[in-house]
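Presented sequentially are two complexes of chain A, the first with chain B as partner and the second with chain C.
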Partner chain A sequence: MLPNRSRTSVLVFLLPPLLLYCAAVLFPILQSLFLSFFSWNGISDMEFVGLDNYVRMFVADDIFWRAFLNALVYLAICLVLQLGGALVVASLLTSLRRGRELIKTLYLLPAVISTVAIAFLFVRIYSIDPVGLLNQLLHWIGLGSLERPWLSDVNTVLAAVSAPEGWRFTGLYMLIIYAALIAVPKELEEAAVLDGASKWTLFTKIRFPYIRPVWITTTIMATTYGLRGFDIPYLMTNGGPGQSSELLTTYMYKTAFTSTDFGYASTISVFIVIECLVAVGLILFLLKRKAD
Partner chain B sequence: MKKLFRAAAVAAATALALTACGGGGSSADPANVAPTGEIKPREISWLLSRPADGAVINIMKKLADDYAKDHPGFELNLITTPDRPSYIQKLETLAAANKLPELFDTDATPFAQQLAGQGKMVDAEKLLKSLDLYDSYRPGALDYQRFDDGSLFMIPFQFELEFIWYNKALLQKAGVSVPTSLDDIPAMCTALRSAGITPIAIDGQDQWPLERYVAYQPFREAGPDFVQQLKKGDAAFADAAGQKTVNWMADLGKADCFQEGFSAQGYSDAQNLFTNGEAAMYNIGTWELPSLATDKLNPAVRDDIDFFTLPTTSGSATAANEFVSPSGIGMAVNTKTYDPLVSDFLKFALQKYPAEYAATGALSPTTDVETAVPANATPLYKKALEQANNLGAKQAMPWDTQLDPTTNGRLQQELVLLVQGDITPAQFTETMDKAIGQNAPKFFK
Partner chain C sequence: MIAQTSPAAPPTIRPPSPVAVRRRRKPSLSRTLSRVLIMLIVIVQVYPLAWLFLTSLRTEQDFASGDPFALPSSLTWENYARAFETGDLGRNILNSFIVTMGANILIVLFGMMAAYALQVLGFRHSRIIRGLFMVGIIVPVQIALVPLFIDYSAVNLLDTYQSMIIPLAGFSLPMSIYLFSSFFEYIPRETYEAASLDGAGPYRIFGLITLPLSVNTVVTVVLVNSIFIWNDFIFANTFVLSEDLKTIPLGLQNYIGAMGKVDWTATFAAVCVTITPLLLVFLVLNKAMIQGLESGANKG
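Let's look at the complex of A and B:
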């Protein structure tokens, strides 16, 4: 426990970042909440419309629901690739004797490449005319019947724009999980092995419970990033064809800056904030309950 | 915490109320085109959406430098955002904050009309008349910039003609000839596809190129008025002219007219497809003359390239010499910052601009200068320029500048689905008519 005087000084030092946080995060959220009760195109007079925007969002807007479902699918694909992929790679890495650093760096590489470059890269990979990498590979391995314009096909486009985002951050989460895995006490593992535990039991009973706190953090990070995903889908397809790869975020952006319907866009952004909070709450609830 | 929350809410409300108030006020008179007083040189800005090293920017830079020689302290700060969606976002945000610069680019969109209605743009017709330049402009170039009520608030810097470029050798290989009617195109595509040729190269990523096609049938069937009525909800896709274009677009899709996966392909992808000799047709304007009608064009196809203008249909309401002839994004003058300096600079620049622009090989928006054909041009260059001398009175307006932005976005999305065969013409019609019904009243009260 700190003595009184130093507690005051700690508070004094904490205040500036808190104020900065309020100005940069809380204020815009409150501003959106305020705007969501208005109809405003930026240059017209602001007109108070009460809950009209919310009613429109929940009842009358087919694109909103489509975008919401798309966002959930996008999130699911990102999570599987990022957390599942990261866990597999990190586990394999711990059993590797040499070349760990090289592999870690290679996996982390996509996370440091600019989003725009990744988007363009994948547009080329998915392309059919001229033939891109994916279609070429399918052709070579005799799956030519699967060749298609991945970004123009309404059935594949959502998965196609989710994969780059998932792929991109796998390395980052792998690094975090790897760090947690190598911190698992060796004596615990050795004791379990002496007791005859299989590799799978070792993982589910010793390693995973040990890294659970880190797992919760990475899940929350990956989920909130996934729910806020915007740049790659926006750059690759702009939500198309039709609304097949429209996410809540891209839809909100278009509503604000293409349709200049700032009131309604704020309504969608309020929904995104609540959706993120609910998701984090759910994760904490589920994973904590399992731990108890 | 509750207190803090309340304080923040009040702060948010106050800040918004202040910006809203700021947005409304503008004291200057849009009709006052000749402000009196002393010319005090300063830096002025032009927010524009044109290629960074393009002719317009280069010439205006040069003219600004010339002007600064006699007016020390003057500087023209050109802020360009060539990517149109990003530009529009920038413009709208600045307009909302009431921070538009002295000069800014905009199409004759419903949003721009609202700005003009609030007195934020100088009356361009009066301005050009006061400079004695009005009559030198091509009527078509000015008409393109006008709002529905005929008022003019933007000044054009270009004049372009849109053609359908085609590859003679590929058409011959497929045994088809240049279409005499728009209705011939689907069958033509089928023949080209059977010969293993991509019929039409299109940039699907930018969306406006596909939206051009939906405008063609109604322009021929019902004339330029159709889109004017459609955007207000006074006409519908369910009407005869609307159904004709919806079914025609679906037919283009069924006949595989566009390259596979077109919706994810960009501007240069489409152009390469045509200039490599893989695609038979390509719809683009005279701004591409330097790549399509000079020795920069791939020698393998150079002698095979030609163009035709928008085909008519039987009983067409518009003539063959009437098609899409845009004068590009226009420049608006901000009323709030319009002073003797801006006025004097515009007088200087607008008088000298046409001659400089025509010298680069481009079509000037005025008729008082002759375009210089570049030394490396193919005969097609001159042929293309000559089309400008023989234009009819009506012009096909690109729909993306006409519809309200929400309907426009929806149309661009639904069109891809219609052409790809993901939705039926009936579904398309229902969705679009509903979208217009919902969104148009907000913009065209």
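Let's look at the complex of A and C:
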């Protein structure tokens, strides 16, 4: 604590940011919680309905459950692509001698591109008429039977809208994990190699335990980002065909701004927040416990 | 960058071990293999972007017929002309610039102020306030859409620059506070104490010591946040209606014509135009940006 500080000075520095934060983040969270107990279309009077919205969500709404399951699949695909891909590339990168900076830059490139541009790009990659990159590639490697309109096939659309999100941010997580990997003390690794440890043992026994704290942070980042995924599915398919690529976020958005059912949309929002908090708690519980 | 004080001891200089020497002489199979693998992955990662650029230079006929992997038979800038005719790209870029600047000013200034209050001035129960700020890192932005839409329409803020800037700044603030706080930790207490003894109050210390020392952290915070703010779609899409205020992501949507018909080559030209500013900044400052992203999580 600074000796000459006064109560006023603390307030002068703290209040403006706190006010902005409350207006943009904290107050809306409370407001959502409040609205979730009402039925309201934004025009007529608000009607208090108690827990009706929650009952409707958990018991009567099939689309909600569909969207919830889709969101979990979306999350799983994103995590595998982002964290798995990041770990593999970061590990490979540490074995390179030259060109590390170049590869880091190239690998991060997709992260600076807007989701609208990415949606446009992937619509073309998946398209069948005119033939897009993916179908052409399958044709060349002799898997022509797999060619399909990836975005209108109900079996593939969810994976197809998840992959771009994974592709987009894997570079970000790779950077973080790479920075952690090169911080692993060389003495530890060398000692293990002298003791005859294989590459795999080296990784599981030395490197991974050492980067575990960073791994926890990245897992939390990737999970919370995955759970708030919205732009790409919304732009590419708007949840369709049917509900086959509907996520909780896109469903909430449509409930709010297409059906103007603000009360029920807030109920779904509250669920999304709780889902994020539970996910973070779960990650901390599972990964921290293993560390002990 | 942010005083990278790694606790590791300074590297001890010693003769190269025999193992290392042997390895250097003949590149092992696994090394070659991992080199090939990494090249493949990088190609998969970057090829779509190269393809995007090539397509923006193709003629329409060339694009509609034939092999998407083929190199363009002839190059044309016509798509760029059509892209500028169809949309108001200049306007969109200007709007994105205004929103990014506005949000960044708030994020940097307020982030620094809050971190100063929490980390340097200190007060009772500051842990609670800090925890409150950290909630914003976990909570998804979608929660704010409905409430803010209602609040904005009550105070006539819908369809303004502020309607985008406020939530973008609010949700980025926690990360900014976190980065500034962890930097302020490294400014030695003695510096402050000496200044205090000379009679400087908290405001002068902020202006004369903390602010000038934080330049590197400011660059990090701005770069990292700009990626997300420049590309924001959801807040702009929810709160902005008029063409005059549309940012780049919304402007790009205008290229989807009636009945979903899209002039693809012109659209890709527009995409190329809109990603250029951020891409240039990224390529010029990529070292700083990469270090910022790395340090952000590795300090946690």
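By definition in this document, the second predicted complex is superposed on the first by the 272 of 292 C-alpha atoms of A that agree within 3 Å, B and C clash if a C-alpha of one lies under 4 Å from a C-alpha of the other, contacts with A are read in each partner's own complex, and residues count from 1 in each chain.
Going forward, contacts are C-beta pairs under 8 Å (C-beta built on N, C-alpha and C of every residue); 3 or more make two chains touch, one makes a residue touch a chain.
Source: prediction; values computed, not measured.
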{"item": "First, second, both or neither for A:35, with chain B first and chain C second", "value": "both"}
{"item": "Most chain A residues touched (candidates chain B, chain C)", "value": "C"}
{"item": "Touching partner for A:27 - first (chain B), second (chain C), both, neither", "value": "both"}
{"item": "First (chain B), second (chain C), both or neither touched by A:80", "value": "neither"}
{"item": "Touched partner set for A:257, first chain B, second chain C, both or neither", "value": "both"}
{"item": "Partner chain(s) touched by A:55 [first = chain B, second = chain C, both, neither]", "value": "neither"}
{"item": "Touching partner for A:128 - first (chain B), second (chain C), both, neither", "value": "first"}
{"item": "Partner chain in contact with A:239 - chain B first, chain C second, else both or neither", "value": "first"}
{"item": "Residues of chain A at both interfaces, chain B in one complex, chain C in the other", "value": "26-27, 31, 35, 42, 257, 262"}
{"item": "Chain A - residues contacting chain C, complex", "value": "1-7, 9-10, 12-14, 16-18, 20-21, 23-29, 31-32, 35, 42, 85, 88-89, 92-93, 95-96, 101, 103-117, 120-122, 124-125, 130-133, 136-137, 167, 170-172, 175-176, 178-180, 183, 185, 190, 193-194, 199, 213-214, 217-218, 220-221, 224, 227-228, 230-231, 235, 249, 252-253, 256-257, 262, 265-266, 269-270, 272-273, 276-277, 280"}
{"item": "Chain C - residues contacting chain A, complex", "value": "6, 8, 17, 19, 30-31, 34-35, 37-38, 41-42, 45-46, 48-49, 51-52, 55, 63-69, 106, 110-111, 113-114, 116-118, 120-123, 129, 132-133, 135-151, 166-167, 169-171, 173-174, 177, 192-193, 196, 200-203, 205-206, 227, 230-231, 233-234, 238, 248-250, 252-253, 255, 262, 264, 267-268, 271, 274-275, 278-279, 282-283, 286-287, 290, 293-298, 300"}
{"item": "Of chain B, residues touching chain A in the complex", "value": "4, 8-9, 11-13, 15-16, 20, 23-24, 85, 88-89, 92-93, 95-96, 111, 114-115, 118, 198, 204-205, 207, 259-265, 273, 404-406, 409, 413-414, 416-417, 420, 422-423, 439, 442"}
{"item": "Partner chain B, residues of chain A touching it in the complex", "value": "22, 26-27, 30-31, 34-35, 40-46, 123, 126-129, 148-149, 151-152, 154, 236-243, 254-255, 257-262"}
